[in-house]
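Consider the two complexes below, in which chain A is the common component and chain B and chain C are the respective partners.
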Partner chain A sequence: MSDIALTSAPAHLRHGSSIGQPLTRRDGPLKVTGEARYAADNHPPGMLFAVLAVSTVARGRVLGFDLAAAKGHPGVVEVMTPVNRPPLAGDPDGKESPFAFRMDVLQNDRVRYPQQPVAVVIAETLEAATEGAALLAPRYEAEPARVGLDGAEPFAPKVVGAGNPASARHGDVESGLRAASHRLEATYETPAQYHNAMEPHAIVAAWDGDTLSIDTPSQGMALTQARIAGLFGIPPAGITIRSPFLGGGFGSKGLLNGPQVLGILAARLVGRPVKLVLRREQMYGPVGHRAPTRQTIRMGTDAGGAFTAIANQARTATSTFDDFIEPAADVAHALYATPALLTGHDAVRLDTGTPMFMRAPGEAPGSIALESAVDEMAEACGMDPLAFRLKNYAEVEPSSGRPFSSKALRECYAQGAERFGWSRRPLAPRRMRDEAGLLVGWGMGTAIFPALMFAGHARAVLKADGTGVVETGAHDMGQGAWTALAQIAADGLGLPLDRIEFRSGHSALPDAGLAGGSAHTATAGVAIDRAGADAIAKLAGLATRDRRSPLFGAGNAGVVARDGRLHRRDDEARSEGYADILARAGLGEIEGRGTGAADPAAQAAFAMHAHGAVFAEVKVDPEFGQVRCTRLVGAFAAGRVVNPRMVRSQYKGGMVWGVSFALHEQAVTDGRTGRVMNANLAEYHVPVNADVPSLEAILVHEHDPHVNPLGIKGVGEIAITGTAGAVANAVWHATGVRCRHFPIGLEQLIGV
Partner chain B sequence: MGLSIALTVNGAPHRVELEDPRVTLLDLLRERLHLTGTKKGCDRGQCGACTVLLDGRRTNACLALVAAHDGADVLTIEGLASGGELHPVQAAFIAHDALQCGFCTPGQIMSAVGLIAEGHAGNDPERVREGMSGNLCRCGAYAGITEAVLDAQGRLARGSEAA
Partner chain C sequence: MNSFEFVRPATVAEAVAAASAPGAAYHAAGTNLLDLMKGGVARPTRLVDVNRLPGLDRIEHAPDGGVRVGALVRNADLAHDPAFSRRFPAVAEALLSGASAQLRNAATVGGNLLQRTRCAYFYDLASACNKREPGAGCDARGGENRLHAVLGWSGSCIATHPSDFCVPLAALGATVEIESKAGRRDVPLLDFHRLPGAAPERETVLEPGDLVVAVRLPAEAARFAAHARYLKVRERTSYAFAVVSAAAALRMEAGRIAEARIALGGVALKPWRAHDAEAALAGAQPDAASFRRAAEAALTGAEPSGGNAFKIELARRIVARALAMAAGGTPERVPALPASPFAPAPGASVHV
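Let's turn to the complex of A and B:
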């Protein structure tokens, strides 16, 4: 990582004032006027509409279709089935990498989960394609569905999540538990959840010979491009992906999925551009979900409330044909000090689509279970939940012994508690009522999320007129990449924001890495910053070697780049504008390149995580058991804040997901058919505006010199963690009832 | 069967010849008139992404059959700004960061414009939240949305007092 090491002693400083500014979204005007073009908004000339026909059984075989009825419907152009589907060069059931998931693209007549695509109807109008898909009326040979966490024989996975070991141990948990003065063993269940981005998965695909042009929401254009290239046997360079805006992703648009490939195949089959958009219910099958978990947590503390052991054994589920194991137990690795820690996972294979990364994969279900257990443990010790957490504050990462690269969690606890008014909380439950007689409870949770980085690249150009262009194929799912990365780009070139053009969201630009793991701003941001540094270094080289420049000879002293001018570092009065330097050198532009990636040496030396503390108030109707989360305060420390306005929005959005996890969302599977019974937005509950009356996110200052050259940690996922447990703990404080099955519904609380 | 429907969309008259009675207002706007600002999140009246003002009332365009609205007046997100100047609700959405991915945003904004015009919510945040609860936002931008609606509501109220 030589180019990252370079930043520790930069020859050339760059000063900008964009990073840290609470700028409004640069794409805001497009988005509030309807001008922002999402994938399904495209309509190339000659385009046809494709609609999926999906399986209504969970397992079996398709015996046949009523092809005549579908084809005979006016407007239907073609029906694609395994019989006439254009061939693929690559195997959709291949597993070239852990990031290549097996997909169903009509390679045979097999059905392996409900809502699996079994045919595609292509028509002149959306109405005709929709009707054609209904008329296909597939006939099946169905087998019984395997459903639920006890629905199959469990197996021991080798890895969980994106490749972590399935189990981890440090110290001796059994003797820690034996020695404990207070012990807890409790089992927590979390449901299957579906990402349900507001924008359904969509693709508009157009072939021109063997070159392919697609509009599709993607959190990972480069990986998507490579996988398409492999499947279709065409060079990646012949594939153009446009993904300027995603209508939410949350992990479900990270990797190429089957419906995208079917859209491309349909366009191939008919020789015309095709648009394929999933119907909402079709998003409950082939595009991933969060698997259910059952976590058995065992804990012990000494008489003073210090942990002697923490163990979490998690059961989860994956599909029958591919592996994604929700790493639910692992969140305990970095959170609370304990001399003994044990985590493990097993899983069952069910007739569902393969689960996938979903916002805070592992951390979200792991956190609600762990934070609930911690609350129960605090109660057993007779301690205030905050005091208990402070008592067990981890000064080093408990699983590895590494120091933290930075950790302002104490400040998060202090600022969050102060703002919330935590000190007024009665220790015992059921002590507070509001003026309407509702039970009021206060709970808290600790938030944590690892500071990850992928590898990304960027290009920065200084132009003859003194303006800059910065390019990276980043993905804006709503987190604000168009704005935050442009801020980094401006500072990287030492230019005001209005003098750079930031290009993104297109596969022809340098690969910015996957937008996942809350790692995108750090990854693409560092790449952009390095590209700017590279361009400035070249520009400085031109000036300092040129006798006619006021900067001549400043090579060793270095220069400062600011506001479109280079200044001598040892004599800032001597300076020259970028445009003048380029003009004298007779150059139309100068280009810099940069890469962002994790530094393995820093990673070996430090544990890197963002932290936070969330405080929740709920009100519970004592007769009807209805719960409402009436107030949330979260305080988070995640290194350097690029744009406080957008970071706050990320935290608040994450907190809404935390409330949703605790109180609202779950997919309910029919035990007889294996089908999700609530595959729609009326019955799959996500919070509405009235469900989250008061949200506050505090940005806690944190300087991190180790995590990456910009000091940035991710903010997109952390706020779900902590929040979900805080809400659950507040429900206990209101009612005295410990709910260990999530979401908490009135059936668990009625008549409390 | 052929249907000839007259509609006013964002002030402009349209005559639509429909060969198909199943066409919803949402699909007409998006796929035939190429006004794609109005979004489809569910196609069954459950998310509010398709909210437009139909004869002045907030309506889920996915639940409105074009054939049933001959002569109707439709206002979509594309028709809200006038002469390059954002409507106060649009401006407030930017100022309060009432959007993240932006996919629910056209529906939220049209719903907010409708809510303010209905005049029931006033400056009561709880009523605004309730009145905006037909519009899902999976990104969870609700706090900003509520602030934006209250802010725009205040501006519009002051504006009409001044006028």
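Let's turn to the complex of A and C:
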């Protein structure tokens, strides 16, 4: 099942609890030696290469191709178009569930966005398929492209994000604003962004009759399997997905997308295994993106700086054929105490691929706008931005009135500010220079992300030799699931890490739920923990009911599983090894099952979020407007930390992403054609090492008895929030210029 | 696949002969050409690999202080040649501010001169581009052009030349040695690249088969070594093309500017030598007023080609700053962030 040879005994492995240990990645040696097998590294015998031909127009119809030229090219085996594309049982334009996004798999000749697949060329070599695709030279009947947030009539969506109401109201915002001593109304714009995982989307598909075997990077194997089953009319059990490693996903590999289906269809058409890998620019269409937003924020405070109202009306965009509404305004729901809160969304339909979940969907663009506005509000009140945030500290969730399951945000503020040296910050902007004369600014932002859970399952087995096997179909996108989940598995079975085998990344294993929403460690982790507990409970039952066991009769006192032995809880000296218990019972192994899912009662009673505080220093050249983020300190509280090394990495990665959001990242779209003109990693800027010279993430202790049995909240997305706003606010503090259009470009700062 | 011929000549003469055929292109490191081929922007039918040609990978320092740099010398090797960087520090700084360490290790001197514009419409086959397809039109005009040219552009092309290396070379009066069927000839770097005019597809003075074999810097260029800088403003701290850059070199005598050299990058389809600005500085005090006057002169005739008017004033400020930095003296070592506004300034603050 799992052919992944992970490091089982890192040198620094400590005796005792595995949870909480800063283990290095168990898949690290595989990755640094190139042994880790990513999807596109798989070349089954007889495999052909498929290359997409994609649309160069945003809207219209394909009139025809030069099929003869493509088919006649040496090495080309077949060209798949709507004419010969194998039939599908399910409708790719159907909407069986909110998570079944419509996709373009050659169902007709319509073009609805640039980079839409319009044909697939299948050849003996990648080079032949590439040239064949170029020779196809599609002819189009083009229609004018609808581009930009003013490019179409807005409509009112029913839901936003993963199903939130499109608007929310609590209290009376208008009277709150009327009563305010200080008021702010400001509009913030964020650009379209693309996930740009380092590993492009890829699939290797092989059919054997009606069973299908695929290698593809997936953040959600079970959902993917179910969608493929529906589209092809085959049972899910007949579909095997291997996804041991992802070179980044960020949401763009969560749900089945069109190019993956085209790879499967191509394999069907030619009756041989087929590999299809997207080119970088082809990742700017059919596999999702973050839509642009325009957020108009209105705020008011009383004379003392306490909010009287917060409102955010957000405009965003979706495709012409499906709905994904970036829920940008919603981040205000849980952050600052206010008697009146109003959020709403509208959207325009543009000739783009459908937007999709992208790391901190809604929270990321919402946070940079809200944190910028809060900074402006603090300025209007003449208050220090940290003091202003503390003044408006939410003791209960403002939108619902629920208490928080845990909230160590005050400690985050305190520890982050102390480490950063925030108390030395002058209140007014443009007051600090470095020794070279560069403008220096300090800004801050609050980070928040909901503590979500999906439903996940796991299986744990104790074997006759005293070792354990733990299985769950989890997804390691680079965040360290192979390691963190194994640590939970070891503790769940009461075994040292080097005595368990952890199997993951395969669809035949129990469904671990989607690796999204920063929920994977909590979901799969609780399932693993429960599965271990189930196995241990069965083992304990064997021992405590057996007169020959030293644990006989301990049923009421209970036993503790530790280091491969069960110990009587009230008498540690009485214990028995797992192998002995199984041997006496004549069992080869004992199996436990577990499920992780949110507890509806706890969810009804408590608001559950991770929190953090991020402090940023930027330097700005006063004449050129070039900005560099020179220092970032983030302090985060997200419940129990399974592996501090990996959690810190997640925070640091999120903080770098926040810098990117504030200063660098954007899709540059031609307003005439709707085409993204910087669809490559040379011109689509993300930070390089020199852009973030000093980066520190502080883990703030937080015990959460309600969020789930392990007390785990998510850490994968939160650090983008807070950081992006902190950087933007630091730019203001350095320059005195409020930039409300992101990313902040140098022309906004040089006063020309 | 798109088949092309790959030939590996043993001598320069063989290379020139092989590359004289229609559709032929020279291949050195391929850091630009191979990307263009993968994107279908360039479709040569024959690649003439010059990597093994003898004698083109040498840095020859002349006794008089000049230098001859073979076309195959890698960017990193040239920047790290101690004698070269001592005499021509602004060139070394420019080289080290370009691309990434990996690319600098591969990219060659000749290839750097011949790299193509980064105009997105040139790279995008679905867009009209007169450079790619003469007569097709220019979709950069009226498009996303905030980084495009403000000097020397025409109605048919508003692209810029992306090289950092060429900017100080232009300032310092470099000469390009070209081997052709008719023999060897020298072309001043300033005449090597062509402005777009009505024929933007003609990017240089090279004729089919012409091979750049070396770049020379004259001895007199080394006289600026004590006051020579390159400054490059970009949209991230490293690994980005210049929004605008400038090379400034001063020869100081008794506290006054005896002679100045100034060139700009990122503003035109060729490295832009600012002769008028240089003339304005001859005999001037090295002060902010002089530098601003020179900066004004350097941008004489500048016009936005689209949404890029900010680049004109930005370029003036960059010229003035580069001059101030040059006046402050060449640092002992190339800064860890070469040519960056964030490199620590030696001595007094240059920010006012």
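The rule is simple: the second predicted complex is superposed on the first by the 734 of 752 C-alpha atoms of A that agree within 3 Å, B and C clash if a C-alpha of one lies under 4 Å from a C-alpha of the other, contacts with A are read in each partner's own complex, and residues count from 1 in each chain.
The rule is simple: contacts are C-beta pairs under 8 Å (C-beta built on N, C-alpha and C of every residue); 3 or more make two chains touch, one makes a residue touch a chain.
Treat the numbers as computed from the prediction; the structure is a model and nothing was measured.
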If touched residues of chain A are counted for chain B and for chain C, the larger one: B
Touched partner set for A:Met646, first chain B, second chain C, both or neither: first
Partner chain(s) touched by A:Pro687 [first = chain B, second = chain C, both, neither]: both
Chain B versus chain C as contact partner of A:Glu35, first or second or both or neither: first
Chain B versus chain C as contact partner of A:Met655, first or second or both or neither: first
First, second, both or neither for A:Lys619, with chain B first and chain C second: second
Partner chain in contact with A:Glu174 - chain B first, chain C second, else both or neither: neither
Which superposed partner A:Ile750 touches (first chain B, second chain C, both, neither): second
Partner chain in contact with A:Glu127 - chain B first, chain C second, else both or neither: both
Contacts of A:Asp150 with chain B and chain C, given as first, second, both or neither: neither
Overlap of chain C and chain B interfaces on chain A (superposed complexes): 75, 125, 127-128, 131, 682, 687-691
Complex interface listing, chain A residues touching chain C: 56-57, 74-75, 125, 127-128, 130-131, 134, 433, 435-438, 619, 621-626, 628, 663-664, 668-673, 675, 677-678, 682-683, 685, 687-691, 745-747, 750, 752
Residues on chain B engaged by chain A in the complex (per definition of touch): 20, 22-23, 27, 30-31, 34-44, 46-47, 49, 76-78, 80-81, 86, 90-91, 93-95, 97, 99-106, 109, 125-126, 128-130, 132-146
Residue numbers on chain A that touch chain B, as the complex places them: 24-25, 27-38, 40-41, 43, 49, 75, 125-128, 131, 196-200, 245-250, 277, 279-280, 476-480, 645-646, 648-650, 652-657, 680-682, 686-693, 695
Contact set on chain C toward chain A in their complex: 1-2, 40, 118, 120-121, 124-127, 139, 142-144, 146, 233-240, 243, 309-310, 313-314, 317-318, 321, 337, 341-342, 344-345, 349-352
